[in-house]
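Both complexes shown next keep subunit A, but they swap its partner, so subunit B is in the first and subunit C is in the second.
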Partner chain A sequence: MLLLQILVNGVLVGGLYVLIAQSLNLIFGVMGVVNLAHGSFIVLAGLFTYWFTSATGLNPLLVLPLAFVVLGLIGAGLQPLLVEPLMKFGRKAELLSLMVTFGLSYVLLELALQLWGSDFVSVPYLQSSWSLGGLEFSKAFAVSGAFAAAVSAALYFWLNYTDSGKCLLAASQSSTGAICCGIDVRRVRLIAFGLGVGLAAAAGVLVIIVMPLAPQTSDDLTLLAFVIIALGGLGNYGGVAIAAILLGIAQSLSAFFLGGNAEYVLPYVLLILVMVARPERFRPA
Partner chain B sequence: MPSRKHSWGVLLAGALGLSTAGIAVAPIAAQAAPPIVIGGTISETGPLATDGAYQIKGIELAIADANKAGGWLGRKLELKIYDDKSSAGTAVRLYERLITDDRVNLLIGPYSSLVTVGIAPLINKYKMATIEPGASDPSIYVAGNEWNLQGTASSIRYLDQLLPAAKAQGATTVALLGLESAFTLACYHARVAQAKELGMKIVYQTTYSLPLPSFASIALAIKNAHPDVVEACTYYPDAVGLTRALHEQGFAPKYLAETVGPVEAPYLKALGPLANRVITNTGWWTNFKTPGNDAFIAGYKAMFHQDPEYHAATGYAAIQALGAAVEGTHSLDQAKIRAWLLANEVPTIQGTFKVNANGLALGYAQDLLQIQDGVLKLVYPEADAEAKLLVPYTGS
Partner chain C sequence: MEGATQPASKGGPIRDPFPGGADGSARARRLRGAAAALVLLALFVAVPLISRGYLLQFATDILTAVVLAYGWNLISGFTGYLSFGQVSFFGLGAYATALMVMRAHVPWYFAAPLSGLVGAAVALVLGPIMLRLRGILFALGMLGLARILEVVFNNWHYAGGSVGLSLPAELTPVAVYVGMGLLALAGFGISAFFVRSGFGLDVMSLNEDEEAAAALGVPTTRVKVIAFMLSALLPAIAGGLVAWNRSYIDPTSGFDPTVDLQTVVAVMFGGIGTLWGPFLGAAALMIVGEEFLVYFPNLELALYGIVVIATVLAFPGGLVGLANRLGLLRRPIVLSPKSLTAAPPEPRPREYTGPVLEVRDLTVRFGGLTALDHVSLSVRSGETLCIIGANGAGKTTLFNAITGSVKPTSGEILYLGEPISRVPTYLRAQRGMARSFQIPRLLPSLTVWENVVLASRHGRQSHRAAEHAAWVLETIGLAQMWRDPASRLTPGYQRQLEFARVLALSPELVLLDEVMAGMTRDEQEAVRSVIRRLPEFGVAAVACVEHVIAAVADLCDRMVVLDFGRKIAEDTPEKVLKDPAVVRAYLGEPL
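Then we have the complex of A and B:
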């Protein structure tokens, strides 16, 4: 029973990791853009959720569609200004995008500091658990994970079963080939970036329900997303989902048997091992 | 030979001229007395900003109060503060600037052991007698850093009254946790040593780093060990995460104690009923019968429109001690100020400022607070308590 509870804890955390990572995977996989501002978008949405619930007393999950749409549109607006101009540099675009989004992350960090200050804040929502068969299921993580799963499933369906989604997948595999097939890759990249930022915002709404956030935690979230993508395979949406769940389980096991430091350092140890053993996982699928 | 009449006239004119000049010069001379500039940094941004904000407010109030009373050495006080962004590296650069470029008369330390560890060697290099109101880590105050004088209770005293009290009430087992940060680790190791000295069984112990998205499996491990007491040396985000996780895993120890986090208003807001009966520590409280405490509380509320908490008190007390040294030595000489502070005890709002030769605090202590129905109450030591320690922790 104890082992089952550890697994449950891990799966619940992994569920949230799925959304944190998939949103970056979309941008990185399709565009080859290293979006270092990813965590900043998550934090902005989380802090906005805190402000919204404090001001209105309403359910924080009501913010999710609003955050998705608003930040998604902001992302779509930023892409042609900051990111699209870099695409003409070919392979150098990855490094250039890293630098541009690094700068963007600090602009967003400062915006968050000015709007909400530097305090850690948390939304007091669903602070208990469901008991089922002797196991405890954290309500906050379960609900967040369920939303994350629904969003991820919708993303998977859109990518694989809709024309527009297939165009995006095609562009991620070969922009030249996509152009030859008559796909407007500039439009596809704009949609991918906007959608990725919107999904990051959705992740932010769910993250602040389960853990306190502050502007300065954005870098940690970006790093976590990159680790999961590295483990799951760049552009491999199914692989990233599995990697996120497995990472959650691995952290849960290490926390129980080895303590808090093991839980903290595990993602980075795994990243090093994967990068050394299977560096091809960081090339587009 | 000039006539007497002429001589008297010259004398009179000269006297009038001198007195007029004197009248003109006197206010200029008084205006010319420069203010005493006290320099320092505070974490206006970054992860330490919450408590940094309280500390600087305490310092600002103390400066204002000192100026109302005429300043020090007949001179007004001025504060020159930079934002260290919660970074030791940034603080080092800024303190060097304060000393060598701004040439401030006196220094006051930053918030947190994390930042103070960085500047301590610099303070020693320039031999500036600096009271450190925000650095509870005792490892800072050693030979080689002796110009840094601890202005708060050492973190090895945080929660030090809980285990003896719990043991006296029948507790035998304890789980100990500590965040991997300067002061929290010092607190954690001290509590481990204390538990062993008291003969209490440590059934679980771990340190951890932040951020941790979930404390669920740590809480599960604690639940599996079933301790009477859970003592965690924390800041705010981990205090919230641990309390929530314990509740979600279905475990409530008889005593749940955390440092720093529970003292802050956002803790109660984040946890609601889960915070009830959580125990924490403080070096200052509103019911202390220390000199100037009532005036400090009233003045803080009037100036900042909020209640003070203990970080504000450490800032205020540091300026009290520094002022006593300046007045006591009648000088701004750093060596004299340091020698005076080492040789004397200064009554402050948070107790008695007293340090050893390395600057380690000997006078300041830590009391226990408990959240009871949404309000922090001082519960230990019993002689100063405003409420009884309520057991067990219910989380509701």
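Then we have the complex of A and C:
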């Protein structure tokens, strides 16, 4: 029963991970850019939620659309300044964009530190749980997991069943092919980056409800998202969702059996294992 | 002022394209070098004489930043593998020194170099795993490594856990300062070796195009791992010295990500992949940063972040890139001759008389797709064999399997009578198997000379390599432009340069992959005449892949036709072109 409880917790966390990873995957898929500032956007949105709810006493979930729109717009504003100019470098764009987003992550880190300090904070919200057949379902985890799943599902349907979404998917599969079909790839890249950052912000709002965040956790979140993508397959949206939930379960198991350090280190160890075992996943197409 | 006219987008943006030859005469360069060395030496000696307090500490900090910058530049600048976790080696070195001194009572003058070896040994183990693939994985893997190590040391009681270890004040600040100075000099020396030597050319070729480098005989994995080990050695020793300097080490300061940020910023700002960049960048950034922080305390991270972004976007060559445009600090051409003295190649000793290449029952599958289906063929000595087929027939896959960049699912390949399935690509190249790529894959920011000498270098002494490279360039007709970056050649010359590189390997077997695709009739004629002349260069056999049948029909002795991965015909060109199966594959069923 205890094991089942651990699994349930893992799945609930995994639901949140889906959104964290999917938003990074969106940018990577379309632009070939791993946004190293991904975690910083998550943390900024989370800390903003903390500040906003403690100032106004409002429900943190109300912040979600606000954070999504505001940070999404900021992301869309940064993309033509920072990332788009690198696209012309072809093969080397990937490494150059790593550099730029690496720099950006520290600018954002400093911003968060200046605004909210370096303490870990979390938003107290729905701190009870539902009991169901002897299992405890933390309400906060369930709600944030459900929201994350809903947002991810909306993303999935948008990508696969709407014209604008299909444009984006097309551009992520072959940018040349998409150009030939009359898709404005520059615009698609802008939308993808903005949307990716917006979704990272949405994830940040949901994360701070269930676990404490501090500016210095940004890198851990970026790495977490990257490991999930690595396990699920770059640009493979279904695979990433499965990998996110499996990682959630694996972390909750290792936390129980091996302690908090194991839980923290697990994504990094997995990353190295992936490198040893399945390097073909990372070969450029 | 050639450098200024070159748009950054044409060459490699990480390292500016080769800016066009050494500046000034050799004597002027030597004078300038000596003057710079004297000034730096004078400064180095003056600091501890002036002050043993703040100034000495500040100078030590600058030197530390310089050492770390040189270390990072060796792997991330020269090979192009960005590491965001080089601080791992810094921390490991610091802990290794502290543990050796505190727990095993090793004297400090042994502990510091031994820590360097610990760093290099860790790099030797990790390198082959983490450097297997370009880019993102390595960058994030290194970031992860630093985090793993931080957690490990936090929980390792023998190493003091989260409190860390204290070191006795055995080493004076001046000793640390001198040690760090020597280490910075070592970093400069290794970088100078990378910029000037044939080995360095191998290292730099990785940043341009790894697959092409392997096809030219560069042992890519070994070169990468050696560069990685050297880039781990420097921070590991520096870590040990810093631990002495601060007289403690703990997980937070040992694996501080800010150290990596500072290092990346310093190298980018100074000029990535250059000899002087790490020194200039680290020194400038430390001094400017110190001033800046007086006015804006606590904005260090934002400042560094902005400098990285601005450098990548506005001047990717950094300070050295700007100096290059003024004709200063230019990289000399590697193994450059004073004058081109050409010497024709000595013929390879030849006892073997069987077929040069034999492919037996070769099958290659990619998942469910069978690209090659039990194909057998052989290329005899003195023969030109053409492999034709429609798009997707498996022609390029066949070449990739022969050169080793694709693993066969089953079947055997014999080169000069020996099975080569386990021989890596670069050794096949060194044994005389040369290939061209469908789209020329030059090393764009290296010069014409370096592109050729890279190929002629392996298995030769360096003066022979230079003579051979010069001979190839003269014979092909590229001698006038030997100093130009490859990226600046017109497409026609780029194709010729690719031929030159093929010949520089002194090949037995030449594999040409659709060299005439998309060419005008005149250009095709030029290429055809080179192919006809290949035997003059000592080439024993040629295999070419083409889908323009007419362009090769009169060049080859035999033709093999592939269709959907199967061999459907093999005979003389006249007979093959009349074969009904071939006509059907090319033109469809008769009406």
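The rule is simple: the second predicted complex is superposed on the first by the 282 of 285 C-alpha atoms of A that agree within 3 Å, B and C clash if a C-alpha of one lies under 4 Å from a C-alpha of the other, contacts with A are read in each partner's own complex, and residues count from 1 in each chain.
The criterion applied here is as follows: a contact is a pair of C-beta atoms (placed from the backbone, for glycine too) under 8 Å apart; a residue touches a chain by one contact, two chains touch by 3 or more.
The structure presented is a predicted model; accordingly, all values stated were derived computationally and were not measured.
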Q: Could you classify subunit B and subunit C on subunit A, in the superposed arrangement, as clash or fit?
A: clash
(Q) Between subunit B and subunit C, whom does A:V34 touch in the aligned arrangement: first, second, both, or neither? (A) second
Q: Check whether A:F120 is in contact with subunit B, with subunit C, with both or with neither, and answer first, second, both or neither.
A: first
Q) Is A:Y264 in contact with subunit B, with subunit C, with both, or with neither (first, second, both, neither)? A) both
Q: Please work out whether A:T217 is in contact with subunit B alone, subunit C alone, both, or neither, and reply first, second, both or neither.
A: first
Q: Using the touch definition from the top, say if A:R187 reaches subunit B (first), subunit C (second), both or neither.
A: neither
Q) What is the contact status of A:S131 with respect to subunit B (first) and subunit C (second): first, second, both, or neither? A) first
Q | Overlap of subunit C and subunit B interfaces on subunit A (superposed complexes) | A | 113, 220, 261, 264-265
Q. In the complex formed with subunit A, which residues of subunit C make contact?
A. 9, 12-14, 80, 82, 84, 129-130, 132-137, 139-141, 143-145, 147-148, 151, 154-155, 257, 261, 264-265, 268, 298-302, 304-309, 312-313, 316
Q. What does subunit A use to touch subunit B in their complex?
A. 2, 5-6, 9-10, 12-13, 16-17, 113, 117-124, 127-129, 131, 136, 138-141, 207, 210-212, 214, 216-217, 220, 224, 251-253, 255-256, 259-261, 263-265
Q | subunit A-facing residues of subunit B, complex | A | 45-47, 49-50, 86, 177, 180, 206-218, 220-221, 224, 236-237, 240-241, 244-245, 247-250, 266, 269-272, 274
**Q.** Residues of subunit A touching subunit C in the complex
**A.** 34, 36, 82, 85-86, 88-89, 92, 94-96, 98-100, 102-107, 109-111, 113-114, 219-220, 223, 226, 230, 261, 264-265, 267-269, 271-272, 275-276, 279, 282-284
